[in-house]
Every structure is written in C-alpha cells, then in structure tokens.
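You will see two complexes here that share chain A, one where it goes with chain B and one where it goes with chain C.
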Partner chain A sequence: MAKIIFITSDSEKIELEATSGSVMELAVQNGVQGIDGDCGGVCSCATCHVHVAPEHFAKTGPASEIEQDMLELDDDANEYSRLCCQIEVSEQLDGVVLHVAK
Partner chain B sequence: MSENQTCVVVGASHAGVNFAFALRKAGWQGSIKLFDADPSLPYHRPPLSKAYLTSSDAIDKNLLKAAETYQKDDIELNLGVKVGRIERTAQVLHLENGEQVAFDKLVIATGARPFIPPIEGLDSASNLYPLRTAQDVENIRQAFAHSAQKRVVIIGGGYIGLETAASLKKLGGEVTVLEREQRILARVTAPYMSDYFQRLHADNGVAVATSKNVVRIETRDGENSVQCDDGTVYPADIIIVGVGIRVNTELAVQAGIEIDNGIKVNAQAQTSDENIYAIGDCTYHYNPHYQRFIRLESVQNAVDQAKVAAASICGQEVEYDTLPWFWSDQYDVKLQMVGLSQGYTDILVRDENEPKKFSVWYFKGDELLAVDAVNNAKAYVVATKFIKSGEQIDKAKLVDASVEFKPANLLSRVQVC
Partner chain C sequence: MKRSEFADPFEQARNEQGIGKMQDQDDPVTMVLGLKDVRKCAHNWKTFQSGAKPGRIVVPSEVKIRDTRQIPFEVDPPEHGDYRAIVEPWFKRPLEDEYRTKLRAQIESLVDQVLTQEDVEVVSEFSLKLQSRALTLLLNTPYQESDVWIGWGTHVFRSEGEALDGDKASILYDYIDAQIERAAENPTDDLYSVLLNSEINGRKLSKEEVKGVMILTFAGGRDTVINAVTNSIAYFADHPQSLARLRDQPEITNRAVEELIRYFSPLTHMGRVVTEDTKVCPHGHDVKADSRISLCWASANRDAKTFENPNEVVLDRKVNPHVAFGFSHHNCLGATHARQIMHILLETLAAKVGSIDILNAKENIEDLDQFKRKVGFDSINVKFNPR
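After this line comes the complex of A and B, so read on.
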C-alpha cells in the first residue's frame, strides 16, 4: 500500500492510496482535476503530466526517453516532469507528492 | 442561468463522457443526463484492439471515469438505454423503452458502428465479429480461448485490423489479414508506411495478403472458408471484420438536422438546430488549419469537440481549431501521427540510424502537412510545432540524422516574408 498525494493547479490536496496499477489510473479513478489520461496510458497524449516534488524525485525516478520526448516542447515541463501513466504504483512511492501540471 | 435547465447527451463514450465533465467544469448548474445503449460503464476504445485484447482484464480496468466520479459531478448516467427518436420542436427525446426525456440542450455523440460488408454467407459464418465494443472483445476472447487451431482471418488492413492481428498473434493465433486494396492502410498513409507495416507483420509471422476481395464465406461444422474473387480460399476458425465504419446519423437524419458525410456542425460544434450540438466521430466539421470540412475517427477529435461544445453551451466564446493527432500500437512499434496528409506532393523520410525509429514527413511544396513518427515521439512533437507555426523547414537538414532534432536546427534560413 502506497499513499500518493496530488496537488492540483487549484492547490487542492488529494491523498489517495493504492497497491497496483499506474498513478494515472489512480488519479482518473478518483477524478483528480487536470489528469485526463485521454490515451488510456500509452504515452501518446501527455494529458497525465505531473511535477514530482523535488525531494521525492528518488521515489519515482526520472522520466523515460519517450516521456522526455513527449514533453520536450511543453513550456510547463521541467526536470521533475513525469507522465504519470508511466509510473507504476509500488511501496517505493509511499508518501510521494505530485503537482498536477497545467 | 442554467440552473433549471437540462442538458441531455446521447452517447456516453469518449465524446459524450468528456463533454459531460467539461460542461460541469464550465459552470453548468442544471442537470446533465447521459444515455448510452451499451450497458457497460463507459470505457476507452483504443485499447480494445491493443493491450486490452491481449490482457485478461475485465472492462472495469479500462474505464474512462470511475463510477463515483459521475455521482461526484452530479452527472446522471443511463446505460443500456437506446434513444429512438428526437422530437425537435417539442425538445423531447423518445427512448426505446417508451420513456420520454425533455431537454433544453441536446448533444448528439452517437459515434459510429462497424460497417459489415455484404459478403455472401457472412450472416451464417461461425465466430465472426467486428471490433468496436467491450462485448465484441469478450466474444473474440471466448471464441479464441475455445478454438483449438486458432486460425484467424482478419478482413481489412486498416489500423484496427492490423492492431487486432498483432494482438491475436501475440496470444498465439495463426493470423492472416486480407486487404482488398493493393496495399494496407491505403486510405491513411503513404506507400512507404504501407510497405513498412506489411514487412513488420511478415517479420512477426502474420500473413498480410493484398488485392484480396472477399466475396463469399462458406461454413461447415463451425469451420469457415473465406473465399476471394481471385479464387483463393483461407480457412478460418475466427473471422474479424475491420473494413471501416458507418456514422450513426439516424437520429439526426430523422430529426431533420443537416447531414453531410456526418452531422454537420459549426466551429462551436452546433448543428443546424441551435439547441442541438454534435461531437466526436459522428460529426462533419470544419478544420481551420486545413481549411476544409472533415470527418475524423479519433479520441483527440472527440475530446476536443467535447470541450468546445461544453464551453459554448456555457456562453464562452470558443472555436474548434486543433490539429488532428492519432496513434497506433502494433508489436513493439508505436506510431504517432499528427496532421492530415491528404494532398501531399512529396514525402521525406528521416531515419534515426536506430532500428525501428524513423519519421515520414508529408509536404505540399514547402508546407508541412503531416508526419507519421515510428517509435519517435520527438519527431512527433517537433512536427506538431512546425505544422502549427507554419515555419519553413530546411529539408536537407531534416533528412540528415546527424542534425540534432530540435526545431531551431531545422528552420529554413530563407524565410518567406
């Protein structure tokens, strides 16, 4: 069981718990504003963009090549950007704070 | 203002569901009622021929939204209910179960259904299915699990047919794709891409036969033989029909709404009746970038039109103006497409000197129309930027893989003023 904390662009804080699946699925299932997951989680739409809190970046690890490429020209992307359909829920994530990108 | 009003949506899939949530977000205070004939909670369609088909997941692993989120946003979801007729002047919907539902605003998001071609013997074929709904996948999975030889014939070499071929091959099927045209994906890509995908399938052990016009299916003891007009015959335990779609325009036609290759809508997704909007696969709409009316079958179009219709109904000034994009996943190949290639005069291929990674750039003179990127998300985003901005590309640099893939590096120095 991992606790994942989303902070939306309206600064709403949503704490969720999960054991499996992707972080995008968890967010969509709970209606986290700003995470749409339009492509169903195959890294094609970039509607699941989050900024990992810098102090928690070790929990998620860096973006893969395809995530980086998808976000390359996104003005809101930074070094802590991830497409959260590519983050699998695991114990390791416990306590992670994710800021939903605009 | 919208407090006592009712917005009714026919069709609860990518377009209808995204619309309902967008409408609430845009400030609609009245009731929102979604109707769909499909009894399942609304789900993602693209995975049906891809990862969902090869998984053993139930459909609840593939939902557009969780059940509770509809309640949270006070969206009434009526599933397994078919809408039979729109009475336009009275602003009432007639459901097939005899009930009536009044509306102030109506959104038609009826999408499309698979086209079933008039092939002799098709109705009595064994284990023959289209692929558009969760039930279709369930039927295919069941038939596949119970088939000893798992010989699959797929009629139609479009994206859905090819994805289904890759998925059923992965599950251990003996798969053959029969395409009527001289090449697969003939309607949507350049010959270069058709050749690439033909080889990709061959390399993965799927036979793709072109110029195969299926004219008859004979079925004996549950075993089908699929016959083409050139005399060739393919035995099949399971047949998948993937030869395109028919738009669900019947409700609109009967209501006297303007139709032209789909339900005709303006830049606000409004039909010829000001209280009735249409969104998604069922619409024939204007694309400002390409300056022509088009019909699209894509999640992008369904979602973007949904947002425009919602904003417009809530009184915001919006116009539909987005670039079409699409994707397809087959084996280890991820294809991402942006733009519309119709009308191209030449194509350039940029090879990245890495296996299975390249992009095909469609130009009309110097204007970039569209790009197909294979395992190359960077090409896809760079192309999106260039198509949007209209900036000219230095073609020599584009095809030179040693030039790093950054917009600034590809800009043509001779800019037309």
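After this line comes the complex of A and C, so read on.
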C-alpha cells in the first residue's frame, strides 16, 4: 500500500492509497482535477502531467525518453515533470507529493 | 498480403529526406514525415498556422467549396482556446455512464443484426450506420435523424473519382443551416441549441460560428470513424485469435484501441500555412512564407525511431505515443467520442463474434502524388460468425 498525495492547480490536497495500477488511473478513478488520462495510459495524450515535489523525485525517478519527447513541447514542463500514466504504483512511491500541472 | 495489412508508403522518404512533396490544386504541400518533426510543427502554431483562409489547411484544399471557417479547427491561439473552452465539456460527454450505455445498446443491436446476415458490406451496412447513429448521441439529437445522414452515403464531400464535390458538400451545409434555423426558433437540448446559447467574450456565438463548429463535427468524424471501424473489422477477420484474446484479457482493450488507431491512422495528414520563411526538420528543408506544409500523422505513427515493430499491430502495446488524433493545441475534439466507439465495439465483437470471413474487398488507395496510401476500403463484404 502506497499513499500518494495530489495537489491540484486550485491547491486542493487529495490523499489516495493504492497497491497497483498506474498513478494516472488512481487519479482518474478518484476525479483528481486536471488529470484526464484521455488515451487511457499509453503515453499518447499528455493529459496526466504532474510535477513531482523535488524532495520526492527519487521516489518516481525521471521521465523516460519517450515521455521527455512529449514533455519537451509542453509549456508547463520543468525538470520534475512526469506523465503519471508512466508511473506504476509501488511501495517505493509511499508519501510522494505530485503537483497537477493543469 | 492480408487484407488488413496496411503498408507504410512513407518509410524511405521519412528516413532519407524527412519530407515528401505533394501537388494539390496549384497549392503544393511539403509533407512532414517524422514523429518528432510532426510534433514540433504541430506545437508551433505561430509559424505553422491553422487560421488561414477557410479550407486551405485541409488536403485536398477546400477553399473552392467552403467559405465558412471551421471552429475551433481553423482558429489559432489565443482565440482558439476561447472557442475550445466552450465546446470541450460537451465533447467530453462520452465519458458519462448514460452516454456509454446508449452507445453500447446501439452497437450491440447493430452487431446482433449483422450476425443474422450471410453477406454484409461493412462500409455501408455497418460502419456508416454505426457512425451515424453514434453521432446522434454526440449531437444529442433524435435517433431517427441518423437515417438522413445514412442516406447521404459514405461520401458527403466526394463523388466517385473526384477528390471534392461542391454540390455534394452543399447538401451538408444546407442541412446544417436548416438545423440552426430550427434550433434558433425552437431550442432543445441538442448541440445546435447549446451553441446558439453559448457566449464568447461576452457575446453570443453567431450562426456562422455555430455552423463552423457543426461542419467540423460532421466532417471530422465521418470518414475517420468509418475507416477506423471498417479497418478494425478487417483486422479481426484476419486475426480471430485477437478476438479471443480480448475476451480472455479485457484489461488490454484500451491498449488495443490505441494500437488499432495508431496502425490505421484514419486521417493521413492535416495541413498548416507557413507564416514566415523557415525550415521543417532540424536538418533542413526550406519552406516559404504563405506555402503549405502537412503534418503526416500516418507516417509519424510508423516512425521506427519511436515505435518498435511499427508495421505490426501489437495489440497490447504499452507505450504508444501516437499522433493519430493530432498533437498539441488542435488535437482531435472528437477523440473522446471516437475512443468510446472503438472501446465498446471491441468489447461487443469479443463478446458476440467468433470469427469473420472476408468474402471480397476493394481497397481505398489515397493518391498523395509521391505516395499511394491504403487508408481503408471502398467496400468489403464479410460474414460475421457468432461465438
């Protein structure tokens, strides 16, 4: 079980728990504002963009090359950006804080 | 070669030049072929604009048959964002349970029907019907209205042997004008009425603007959905084991939808007008101000630099950053609707259909000058066999 904390662009804090699946799926299932996941998690739509809290970046690790290619053209992207459909839920994520980009 | 194999005609040009050239009504097009280049050009709306003369960013160009600006499609930021904000919530309705339930009932009933027939011409008897009926949900208009649209046939904008046909297009434009007048006099809760009552920057949308949204909704989702559905039927005919796999592993259905859409890329490309002398592709290729480029989604989606085994349907492809719905500001407004159609179609076929026999087929080959691309079928007759 990992606790994952989303902070939306309206500064709403949403704490969720999960054991499997992707972080995007968890967010969509719980209606986290700003995470749409239009493509269902295949890294095609970039509607699940989050900024990982810098102190937690080791929990998620950096974006893959394919993710970076998508994020490179996103005006809100920074060095802590991830597409959260590409982050699998695991114990390692426990306590991670994710700021929703949109 | 199997009927459902769709070759990639762009590979050599993409790898060697990065571009292709196409003549179109004396307004030539430089086709951008690589995935990363396509994405960069799609993102750069200042240099590669959509808000040109109405019809010019479409290939083949529609400038001779259309004056109405399609909205938000032929508008650039920041106005684009204002229009998009008006229509976006409406076009997300396919995510609602009630919408999905109705769509499922439509698709199940159509599949039940074709399972009783010995010979089904898929384009006209299955895909066109499915697309037209589903559109009544997107527009929130009476189901019976789909009979009118089915009656128009598959090519509202084209007649046999001709790329564009002004008389045929006017059938659609006249129909939309009449519907807008009808909604203005007797508003309902359909899309026409909702748009007529919408405001942008403190004023109501004009009838011309409403018409622009409606033309986009009709035109953008017709051939594209018909090709996606028809080509998927051909794929499952050639790959009955994939139907069984979707039955056994329903959790891969979403990936299968995205993969079929990548592989078939129902919209080959979309144009932009260049606003300043510049280059496409980092390694060169000058393009001049006021010339046209196109963003070739179909080529980008076979780019081996990103996709492993690009010319195979890998049903459970996990990472699939395709651009079949476009990319960046102008990504497909109807994508949510199209994805729901495909998702429910795959679930329904897996549940009810054991195999599909292809009886005969006539391919639809797009002539792009330098390239000839199979985009779908003019007709394909099949027999659906129940489980």
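FYI, the second predicted complex is superposed on the first by the 102 of 102 C-alpha atoms of A that agree within 3 Å, B and C clash if a C-alpha of one lies under 4 Å from a C-alpha of the other, contacts with A are read in each partner's own complex, and residues count from 1 in each chain.
By definition in this document, contacts are C-beta pairs under 8 Å (C-beta built on N, C-alpha and C of every residue); 3 or more make two chains touch, one makes a residue touch a chain.
Nothing here was measured: the structure is a model prediction, and the numbers come from that model.
Once chain A is used to superpose the two complexes, chain B occupies space that clashes with chain C.
In the superposed pair of complexes, A:Gly34 makes contact with neither chain B nor chain C.
Contact with both chain B and chain C is seen for A:Met70 once the two complexes are overlaid on the shared chain.
Comparing which residues of chain A touch chain B with which touch chain C, the overlap comprises 38-40, 42-45, 66, 69-70, 73.
By the touch criterion given at the top, residues 38-45, 64, 66, 69-70, 73, 86 of chain A touch chain C in their complex. Touching chain A in their complex are the following residues of chain B: 18, 44, 46-47, 50-51, 62-63, 65-66, 68-69, 72-73, 299-300, 303, 327, 329, 334, 336, 376-378, 380-382, 384-385, 407. Here chain A touches chain B in the complex through residues 28-31, 36, 38-40, 42-45, 66, 69-70, 72-73, going by the rule given at the top.
Residues of chain C touching chain A in their complex: 36, 39-40, 43, 254-255, 257-258, 306, 317-323, 325, 327-328, 331, 335-336, 339.
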